[in-house]
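Each structure below is given as structure tokens.
One chain, subunit A, links the two complexes that follow: it is found with subunit B in the first and with subunit C in the second.
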Partner chain A sequence: MNSFLRKNIVMLVTVLVMAVFLTAAAQGMEKKDFVITLLRGLAVGSITFLVASGFSLIFGLLDVLNLAHGTLFMIGAYMGWTVVVRPDTFVDLLTPLALIVSGFALGDVYPLLASRIRLGLSLRRLLPWALILVSILLFGFILPRYPIAIWDVENYAQSPVTFSFMADSGARLPVMPAAFTEVTMPSAFIGLLLASVIGAFGISLFDSSPRTVRLSWKNFVSIAIALIVAIAGVAFNDNLTAFLYGLSSNWLFFVAVLVATLSGVALGGVMEATLIRPLYSRPIYQLMLTLGMSAIGIEMVRAIWGRPEFVMPKPAFFNGGGEACPATNFADWWANNCSTILILDGRVRVYNEIFIPIVGLVVLISIWILLQRTRLGMIIRAGVQDSQMVEALGINVRRVFTMVFALGVGLASLGGVLAAPSMGLSNLMGESLLLNALIALAIGGLTSYPGAALGSVIVGMIQQFIIKYGQIGIAIPFTEIIFKPTPPLVPASTVMLMVIILLLLPNGLLGKKE
Partner chain B sequence: MENILDVQNIHTFIGQYHILQGVNVRVPKGSIVALLGRNGAGKTTTLKSILGLTPPREGRVVFNGQEVNGMRSFDIASMGIGFVPEHRAIFRDLSVEENLKIAERKKGDYLRKKDFIFDLFPDLKRLIALPGTSLSGGQQQMLAIARALVPDNQLLLIDEPSEGLAPVLIESMMAAIHELSKESTIILVEQNFLVASQLAEYYVIIEEGRSVQDGKMKDLAADKAAIHRFLGAA
Partner chain C sequence: MKNFFISHRGSLLTLLGLILLPFLVGLLNGASPADVFVNGNGQSKFIQGLAIEIFILTIYALSFDVIFGITGLLSFGHSMFFAVGAYLTGIAIKSFGLSLPATLGWLVVASVVQALLFGLVLPRVKGITFALVTLGLGSVFHILVMSSEFGEYTGADVGLQGVIVPAFISPATERLRFYFVALTVMVLIYLLYQRFVNSPTGRVCVAIRENEGRAQMLGYNTFYFKLSALLLSSLTAALAGFLHTLYQPIVSPNTAGLGYTVTALLILLIGGVGTLNGAFVGAIVFRLLDYGLRRYIGESASFINGAIYVLFVLFIPYGIVGTWRLKSLQIKQGWERLLKMFG
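Presenting the complex of A and B:
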């Protein structure tokens, strides 16, 4: 009872402080500015939440501080951009990506295979490394020769920036389809599949514990899906490309969101199974590994998409204009799909400031339902406290670890693709967002799901209000002075708030005592 | 009699510490075997080694004729072993009912076992919607045992069920464990020799990571000198 009360006091004080802060903020600016700033705060908060919630789920259950989370957010954005601006590149990528993943989809089959192999101890030690080496060599040989129609970062006329610009204005640059010349299609296909299976088998050998494997058709569902995607990618390449080019920008955007999220899920799953899992007993190495992967991810994005920043075109549904815009009522907006609407005379961008917070809310509720109402959620909540006890009940916690890692990365990628049309794409978008998310989690409570949401909204609000006041200035009471917060104050203020809250409440606003 | 579990000379390391240095435990089917020993002797580690939570580096653990050492914990547990750890390990973010449901291995386990469980621990029934942490120590202990009863387990590993309980509660706990022993085999770690001697049929004494003596409980109960030497109790 006592702890219940204390928790609510924290909640009450927080709400009170925020109310005071907001009223004070409202006094200093016009109503329309206030509404816009509030909505912008919510929007930034929503994107921050998508990154923070995944990060906190992963940290809570797996005890992994995934410092690559921001980079994965960025990759989601670039993936989504590729689908929208260069669907042909995306279709070309489908087959190799599906094949790379396919080997890992066979996870439960490898222990069975391993139990058939009888080798001396030293050979057994060598085998995984040998297999991984073969796999890397195969990948290294085939992937650079695999034909993918792509932009050219060196040539401005063919650069992502130009393609982006053209796509936004509705025109498409003509593109040359790529063809199999250096390798034949069947050998590339079989080679990649083999490389993936060999590599995944090699990695699975590091875990030598004997297992009772009961194989059923379920073990083959994931690889079947991966293979179907891979085959469809080559067999119907032209049709798929034409189909995507033919889609309206709304549907294309929808496909992009789906693809970015799912590739985040797949990437997260593979990353956990290959890189994170062998290091659970060595957390420091794990931390350094995620940091290293973050750096590698950024370099890869630089190499593939180039350094210049660009913006993903908004779907037409949020990008209309015309006489009736900015819309003043829902009917006008619906009829014209205005990109902006007027709320209290303030121009609000529908995509940035209405759509993104709505998606954030939907995700917030869906994950909450997942956590509170499903068996998986129950296992996650229990595992956050004591994963060993969950395992002692006969539950395969490692599989849940993989799922949660995949889910967390999927959420980050979703955040990335949603942010791409509003924040734009840049090589460092992930790092600044990860910093935001970390501050939000420190404020809200590192492993608390509601805390992630609350902290994210607080961080978003503070930053947006300070930016706004940087433009209009704060009249200091009883003086003539007008104080204008400078841009560096934006990150500084949230860090300061974090420090204050952590001094008062070491576990954050909604965090639990460990 | 047939042994449901046979622990043969296991050696377990935690970090670089050689904690178990040769433990043997034979558990006849249908019996209660008490693991006795002073604080820090290695009783808990023995239970965890059986389940693979601290996997033994040497020796064998044979459950139902199958060698399980080296297998993953969840696979071992799924073969029909229930674990009631010391300090209970109730999930605090889960309600009492969820604490039971999470232990299901097949859909419907909980519904099938519900009546049996609430007959055994009537108190739990009215607490069903409360969060796991709002329970008293005794109720948490009941819940921890109840959780191990949800799936069809053939062997229960129960670690210090009487720890921190009032005498009245200890008695009802003992009654419950006695009741359970009709259905399943039990390994019981117990510091309270009175409790252990009344419940268990066999005993194994563990001292500094080694099993040093075993036999029938009624022989040990008569041997005051041994009790004093190994357990420090009269």
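Presenting the complex of A and C:
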């Protein structure tokens, strides 16, 4: 006990000082304000945590500082919006996306194929480039001609803002289903599949390390799933669209969360396999690569969804109104599905301030169980300690790397789609959230999982308390002056806290000493 | 002496080309050198403007190269060094009416102070944590610049504008003089950096980049070497900011943001990290690319920029100059083999 005190004295004093500040902040405002601010802090903290936890898992195991994480969070939000507001676009997109992924799903077969090819050295070096070029040309030919019913960024009446606004008021704009006109359906289907397989084969040729793979039916499960999705997307296009349009907004929201998370997982897997993997020997370049990816991602979002901000409609479950609202207790809320609830006389928005923290808690616990109680979690924890040693023990660390990267990006996408109804969608939401997550991790400890949670909550709390005090003002003791923090102080305060904590504890509050 | 000319023929030719550039462009457009001398409007003036921007970017990229490429410190707050110079110059001239030499004096003080501020952090944090702390310091400065409390001085989120530049160096009327001033400053800074890298101090800085623990084992107090690199970098970046304010009609708060640090990183990546010439080559490519893309593609230019960035990282990681140096050895070897073959 004594040695624990001596070792962690700085950390304990820091935590104590922060606790004192929290009590001081609580004294300064009314009880209902305090509760609301606390819940809002928790909500912001939960969203930050979803981004920060994935970031810290990736950094801990792969040593990759993924600066594109905020952009991936944003892409998750926009994906979720698409499913909720334009299900027909989503259904149209299913087939081409599944086909693009299907080539990469065949990853284990390529080494076998490559070992059959006997070529001269220079040809062998040229082959992957030629294959990738062919694949890009095929994609470039087919994808622009593939029919997808989509909104029009240039035309206000057909822009995402209008669709979002209409969906929020419960109506839907009529949309024209897209039809195959410039290419026939079978040729587009086969062409995309071929392009994807050729491209994936070309990329796999870069990895020259000899591997012996024994094929079994397991290697073909993922491509079978991708192909089934692709075929279903074409064959039952109208039925699927009608089904999604017919769903209640609660179920649609659930589907959106699922789709955004899964697409995040897929995106993360592909990104790690194609872009991050060649650069493990040059860590600084990985960092620069993710920076570039983040710029590309933001521009793509701008090109597809446009620059204006809009909000994803909340599911009806959290969006009730009328006479009975605001609800006075949870039973009352359950009966009426009010959008707000009275807690200690303060109006609390159920979705923003109760639902999101609960999801955050659920994710926190489930990832904790994954890390502590499963074999994969054991490998991850061991890999964070020393990944070379784990590899030496005969575990395929590369595969675990891909899985963790996919998991991290999936968590960020989940955070994005959850934040979309409360924070709204904008091109810059990713960057500000990434800064928050970085600060949270620096405070909590870069590779520490509980540290990510603690840091996120601290960051969320501080921001919300300062925003609240910006409204009511702080009476400075012994003077008449009332100090009102201005909005720019919100990010500045957390940044200053980060700098101070890093100077006191270079490894963060819960980080391990090197 | 003859050796000197031969071994530096590339640099000397580039310098000569840059000196003649305004007149050559003028001649191509039918303007006589006399016209160019009196700053007649035309293609030459436009090209001079573009070149001045490239020189300023080069100075800025060089200042990042000395801490990132030479000493191996990854700082995400580097744009603060530049923005402090830019904003201080603007405020000193506009709000306090100082003369240029007095402004430069304050600039030196400010850049030493901020280098010491970054230096305060140095012994405590390393690697990624240093990047995060500097990112934090940089963002605090960015927020301060953007905040409305200092709007009177900094112009808040609109940017600092309305700085009246002394007439003898005004970029509008005396563009050619400004061009040569910027060129001279760039060349001097480049020579200074060349000297720094080849000096014993610079050698230790390279050693710190390669392996800090080993450098410490050899008895060097690495803190002082890193601090001196930071000081040099801060002074240079502030000088680039000074020129930027004099040249541009408006200082945007974006110059203090993370994006501007990434610009420096991108320039170095294109040119070659750790090679001093790379900063100049990278600045040329970056500025011309940016200009061309914005002109012909418009809004989505940063998409292409990002794509180029990713392609460089994946396929030309040593940059243009770095790759050239690697390949030139191969070319020389091939040439020697060819000579051996024939006799």
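In this section, the second predicted complex is superposed on the first by the 497 of 514 C-alpha atoms of A that agree within 3 Å, B and C clash if a C-alpha of one lies under 4 Å from a C-alpha of the other, contacts with A are read in each partner's own complex, and residues count from 1 in each chain.
Everything below uses one rule, namely that a contact is a pair of C-beta atoms (placed from the backbone, for glycine too) under 8 Å apart; a residue touches a chain by one contact, two chains touch by 3 or more.
As the structure is a prediction and not an experimental result, all values here were calculated from the model.
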Partners on subunit A (subunit B, subunit C) - clash or fit: fit
Apex subunit A: angle to the C-alpha centres of subunit B and subunit C, given in degrees as a multiple of 10: 80
First, second, both or neither for A:281, with subunit B first and subunit C second: neither
Which superposed partner A:181 touches (first subunit B, second subunit C, both, neither): neither
Touching partner for A:216 - first (subunit B), second (subunit C), both, neither: neither
Partner chain in contact with A:155 - subunit B first, subunit C second, else both or neither: neither
Superposed model, subunit A: greater residue contact from subunit B or subunit C: C
First (subunit B), second (subunit C), both or neither touched by A:292: second
Subunit B versus subunit C as contact partner of A:122, first or second or both or neither: neither
Minimal inter-chain CA distance - subunit C and subunit B, angstrom: 12
Touching residues (chain side subunit C, partner subunit A) in the complex: 74, 121, 124-126, 128-129, 131-133, 135-137, 139-140, 143-144, 146-149, 262, 265, 269, 299-300, 302-303, 305-307, 309-310, 313-314, 317
Parts of subunit B lying in touch with subunit A, wherever the complex brings them together: 51, 53, 55, 70-75, 77-79, 83, 85, 89, 91-94, 98, 101-103, 105, 147, 151
Subunit C partner contacts - residues on subunit A that touch it in the complex: 59, 65, 275, 278-279, 282, 284-285, 287-289, 291-296, 298-300, 302-303, 435, 438-439, 442, 446, 486, 488-489, 491-492, 495-496, 498-499, 502-503, 506-507
List of subunit A residues in touch with subunit B within their complex: 209-212, 375, 378-379, 381-382, 384-386, 388-398
